[in-house]
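Here chain A shows up in two complexes: once beside chain B, once beside chain C.
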Partner chain A sequence: MNDLKNGQPFVEKRTPLSIVNMYILKNPILFWIKKNLFDTILSTILTIFSVWLLVKLLFGLIIPIISMNWTVIGDNLKLILTGSYPISQLWRAWLCVSYISLFGGASFGLASRKIPKAMVAILLLEGLLITLPFSGLAKFFLAANIVLSVAGFFLIRAFGKSKRLRIIVVAWIVFLPFAFICILGFTGQGGFWPVVATNYWGGLLLSLLIALTSIALSFPIGLLLALGRRSGLKFIKVVCTILIEVVRGVPLITILFIAYLIVPLALPKSMNPSVFIRAMIGIIMFHSAYMAEDFRGGLQGIPRTQYEAAASLNLSKAKTMILVILPQVFKRMIPVLVSRLTGIIKDTSLISIIGLLDMIGISSAIISNPKYMTSSPQVLFFMAVIYFVICYSISLASTKIEKNLGISTKQGASL
Partner chain B sequence: MIEHTETKPKLGVRSFFQDERTRNLVWQFVFFIVIVLLVFMTMRNVIEALTERGMAPSFKFLSFSSGITIGETIIEFDSRSSNLRALMVGLLNTISISVLVILFSILFGFVVVLCRISSNWIVSHVAKAYIEIIRNIPLLMLLLVWYRAFFLQMPGIRNAIMFHKKVSESGDISASMMLSNRGLHLVWPIPRDSFHIYRFILLGALLVAIAVYIVSRLDYRKTGRKKPGLLWAFLSFVGVAGVGLICMIGNEPFSLQYPVLGKFNARGGLYVSSEWFSLFSGLVLYTSAFVAEALRAGIQGVSKGQMEAARALGLGHLRALRLVVIPQAKIVAIPPLTSIFLGVAKNTSLGVAIGFPDLFSITGTIINQTGRALEMILIVMAIYLSISGLTSIFMNWYNHKVQLVER
Partner chain C sequence: MIDEQSKKIIVSCQDVHKWYNPEFEVLKGVSYDFYKGEVAVIIGPSGSGKSTFIRTINALEEHQQGRIIVNGIELTHNIKNINAVRDQCGMVFQSFNLFPHLTVLDNITLAPIWVKKKNKKEAEERGMELLRRVKIEKQAYKYPGQLSGGEQQRVAIARSLAMDPQIMLFDEPTSALDPEMIKEVLDVMTELAHSNITLIVITHELAFAKAVADHIIFFDNGQIIETGKPSDFFGNPKEARTKEFLSKILHH
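Our next item is the complex of A and B:
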């Protein structure tokens, strides 16, 4: 460009700052740092402040926590994970984990051709755990799980394309009954697979079993309640609405107290449910109501034309629901259900208040041992990390599923 | 060949059941009978079981002396007071802590969401990490960690963490804030004799504030230009009250009472127990993560074009947020915020795990003392339902007020 007045070519003034700026613009890493950390004065101040805060957090909190004495976890790991489940029968819990490994690998195999990063991470973690000083049983099953999940990943391809999905779905539906029979047992004391009563179940095992069973059972109950609430029959509608709203209006802990104190009174005397069953009744009651509201949201999202189209095909009301409406609702509900699962897992922590020995119940048992009296922070931190890892991986998976199904509704702009 | 079937109304049992209305009626009747039978049988079993134990349902026990001691009470209470009064204490504790938690988590959640949507990478990722960690740990776990691993690990009262530590001539140690495993002691203004004069100044300040607000509303009606009337009213209140305070120097209406360290405890000032403080701060941390997510969903629900259009009109980033994006985001965010706030009152019931005497924990104690499980659970359910009902009525009203009027 020429400067017309003087007839001289335009020369950009090269101040030191502009040279630095040009250098920054050319280097993508520096450019990213400039743009995302030091864009404006405010941004620079915020960056400096948050780095200071993070350093403070690292030295004031995280390093002291890591340098605590963690032997309490090693000594009580079995207790934290399975409660007082007999040690001689622990292989049954491992069997359930193996089942998950096999079909988890198969599910990954169904979803992608290459082994995905998440699966590699899980396999690496299992490999890492083998090197830790665990019992021979644990090492054997960890190694077996690695083999099983890789095998599952490749074996699923041996089946025809149409069969693959069906196998996976059936396998996951069968998992819960399998796990229950496996953990509970079915022969007498001397037998090959002796019964272990529910009051021996504990720790993480108990929480997960209650959570999975509750979601499986509150799914159909919630669906029925939602259909009842949308029904044209006034009386059914009123009853369902009252049930849903009453349960949603009170804290879970009151529902658990009802299940714990009132349900045994309300049932005939011959039935005396164990605390485990009572807790499960409470959690199912509570989450069915919430699930019903999820379903109601899903049902409301179905346009009326779908009902009209079904009616014009002369489908009965029941058939319209089963063949046309519900399949669409279920598809929309998948992400909601997954987040409901994390909710249920988090809520099962309350069963410790009615005296069940889930992780939190176990934590007070460990702390009450004079040997570990001063170790309560370590125990609690460890359990919080376990909860976080489980819930966070489920929510990551749910985001992934949401993307894959293309039902994400998040379209807004980031500001 | 198409056969035309006549659709004449037929009489008889078959056609009677083919009529949809009759069928519906029959179904409802069957359902009604089943429900009534179920309720009846349950009631009979419960009453039978209770009578057998000599506990026939009655609410007389409410007026009996409770015999329990409660650490934190807003109204007067001792172990001779009735069970009903114990319940009132619990209810007041629940309500007061819920209101405070809601207020503080709106404020804190707003800060978190501003960090979360900031263009600064570190700030937004720190906020994201905070939200994800809090949302993926059960509240009960969080409270226990907060209470047992932080508050109970604080130094004892003799070595409390102190701010503005002062040692008087007689050797008494006082500070404006003392944090120990006993809880938090804070410096607090105590009204003096001259406070009864200052009361009138406060009343006057309130009247001025109301007048300012009314004038700004009238001005808005007349000119249509919106001014922050509430802010002005607040400022004028603070101004008048402050001027009053300055005028009364030498005869201050308040004196600051500092907590003074005693042998086993600290006296004076405002005392907040570690239970109260860990429940309160734990709930604020927990709720504000959810509030931040709800607000973010609201802000992201506003289409990008709105922000760009506002910027194109020459509004700065913050003004565009304040004037264009947030008013629209509010509409989207209110329904999820309603359910979060409804959750707060219910979540305080977890105070039972760390020994805070909220409504539910006192209910538990009374059940243990009297054995009246059925009655107490009915009462506590009724109370929670009315709290939820009132909150949702208020939030529905507010939601209705801010929703766009579609033209």
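Our next item is the complex of A and C:
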């Protein structure tokens, strides 16, 4: 210590070990390794164990997976993505993707001035896919989508600031009806846009349609149920509470079986909805009940004083809810809602049990083909990757949104 | 300032009773008339029911017996009457109760736009004018969470004023503030006292009460114990309970 005070360098007796130490201290990379990986005996043991585990993983799992025969995916890609949707009508599914590209680009344009990394990644991925040996249709739409995304990104700025958000919101609300009309069709056979019955829908297309519809409908229904449960009117309160508790007390599989087996028996023959509709109603009911409980929790988190402040300003109950309470509830609930969204997307895989050929249904169909019997790990691995990519991008997006809303969240915490 | 010539009663409370539950009576027959334009300061120990009392005036709390008449409108279960009364009463709370998801200016313009159906531009011009009045116009586009307590309370006052109330109720507006911020809020309230808005203020700031109030009301145990002009009330209190309370708070 005295040496340091006098401004002289700290000099130690030069043992071989201290020379090694000196060398490590001077080199930033070695210093980092020493500090983070070999600082104590315990961390040294953990480091060695982790390296062993990584090597095991690499040779036991990753290398075997990469060196597998992946032709099964290439051969069945169309099935995995769209099931038995007629090939001549595939452009309709692509049209929906184009819609997403255009307004996805526009949404990015609304959120930031420079093209964000996430969008660059998507564009690069699309560019990469063009180079793979896909059909001409796919290549055409992939190229078109790149153009549309970039166009959307810049075109949204042509509108006035107050209009931009409105355009984006309306576009996303209109998307689901658009997608349904586009995929289902509206003219007779041989017409310009022939109807494709829902039993031809399958694969990722079916999974996403069911998931998105469930999300879009169970969100408002759940909100209404939650508000109903807090209602001052006894009748509404009891009905909503019973609905929520009954549905929450039953597993989703059971609800799907009821929808599949019992609903047709209960309904007259003339009005027998397709399995697709029945499954969707079951899923929406199930998730609405859970959503309702999420909303109830969110509503309880808003202090009574907010209602009082609104009342003292003479805001009606409905206006208080819409203008003051719900915006705060939504903001606080982003993490919960996102986990619910990813949950819904993954839960749609259960519909394969009642015979719908969603991604999981298709994959078990592919695996049961003797030609691909040995390829089941590849197929399942591919499914897992698709689900992971979708769910992980949703949670990345939600982290971004939470950060952007940071100011008011801070205030929420201080209340 | 009381309009001395007309001396019009604006809030009339007659034998107001309130129970939270059958055993707990918070207001035990409160009768008092507030005059138009006056500044009435209510003091009293905590738990004495003074806060509940002013909250019955704009029907945030329901009274179960007695009459409350605000500017000729009696408070009943009729939602129309309640709305008509709230239309004339602004309220400022101890904990500000701003809307955290809206900017300062949006906090102020929310009710004028959605309740009074003003157009956005008009409401924002008036909002900025009020923010200048409470000396906080630079913060118009910040969120409440970015402001100090004193600033938040001044925004809350501006938010109430935006509805052009005839009566302003203040429920301990400075109790949650640091000492150096109390003054900035009291200054705004003093300025309001010289307008013709009726102020009904619960506060522990006796200096403010002495300087600004037209009447002091001493509340204890759900009843009004004593009322009077500040000089009489502080200089020559009549009731033993008042003397005891004043000696406690003046000597700390």
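As a working rule, the second predicted complex is superposed on the first by the 365 of 415 C-alpha atoms of A that agree within 3 Å, B and C clash if a C-alpha of one lies under 4 Å from a C-alpha of the other, contacts with A are read in each partner's own complex, and residues count from 1 in each chain.
Keep this in mind: a contact is a pair of C-beta atoms (placed from the backbone, for glycine too) under 8 Å apart; a residue touches a chain by one contact, two chains touch by 3 or more.
Please read these numbers as outputs of a predicted model, since none were measured by experiment.
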Partner chain(s) touched by A:N314 [first = chain B, second = chain C, both, neither]: second
First (chain B), second (chain C), both or neither touched by A:L25: neither
First, second, both or neither for A:L165, with chain B first and chain C second: neither
Which superposed partner A:Q328 touches (first chain B, second chain C, both, neither): second
Touching partner for A:M373 - first (chain B), second (chain C), both, neither: neither
Which of chain B and chain C A:L261 touches, first, second, both or neither: first
Contact breadth on chain A, by residue count: chain C or chain B: B
Chain B/chain C common contact set on chain A: 410, 412, 414-415
Footprint of chain A on chain B - complex, ascending: 24, 27-28, 31-32, 35, 42, 45-46, 49-50, 117-123, 126, 132-133, 135-142, 144-145, 148-149, 152-153, 297, 299-304, 307, 321, 325, 346-347, 349-350, 352-353, 360, 364, 367, 373-374, 377, 380-381, 384-385, 388-389
Residues of chain A defined as touching chain B within the complex: 36-37, 39, 43, 46-47, 50-51, 53-54, 232-236, 239, 246, 248-254, 257-258, 261-262, 265-269, 342, 345-347, 349-350, 352-353, 360, 363, 367, 376-377, 380-381, 383-384, 387-388, 391-392, 395, 410, 412-415
Residue ranges of chain A touching chain C (in the complex, touch as defined): 305-306, 308-315, 319, 323-324, 327-328, 331, 407-408, 410-412, 414-415
Complex contacts: residues of chain C adjacent to chain A: 58, 60, 83, 86-87, 89-91, 93, 95, 97-101, 110-111, 114-115, 143-146, 159-160, 163
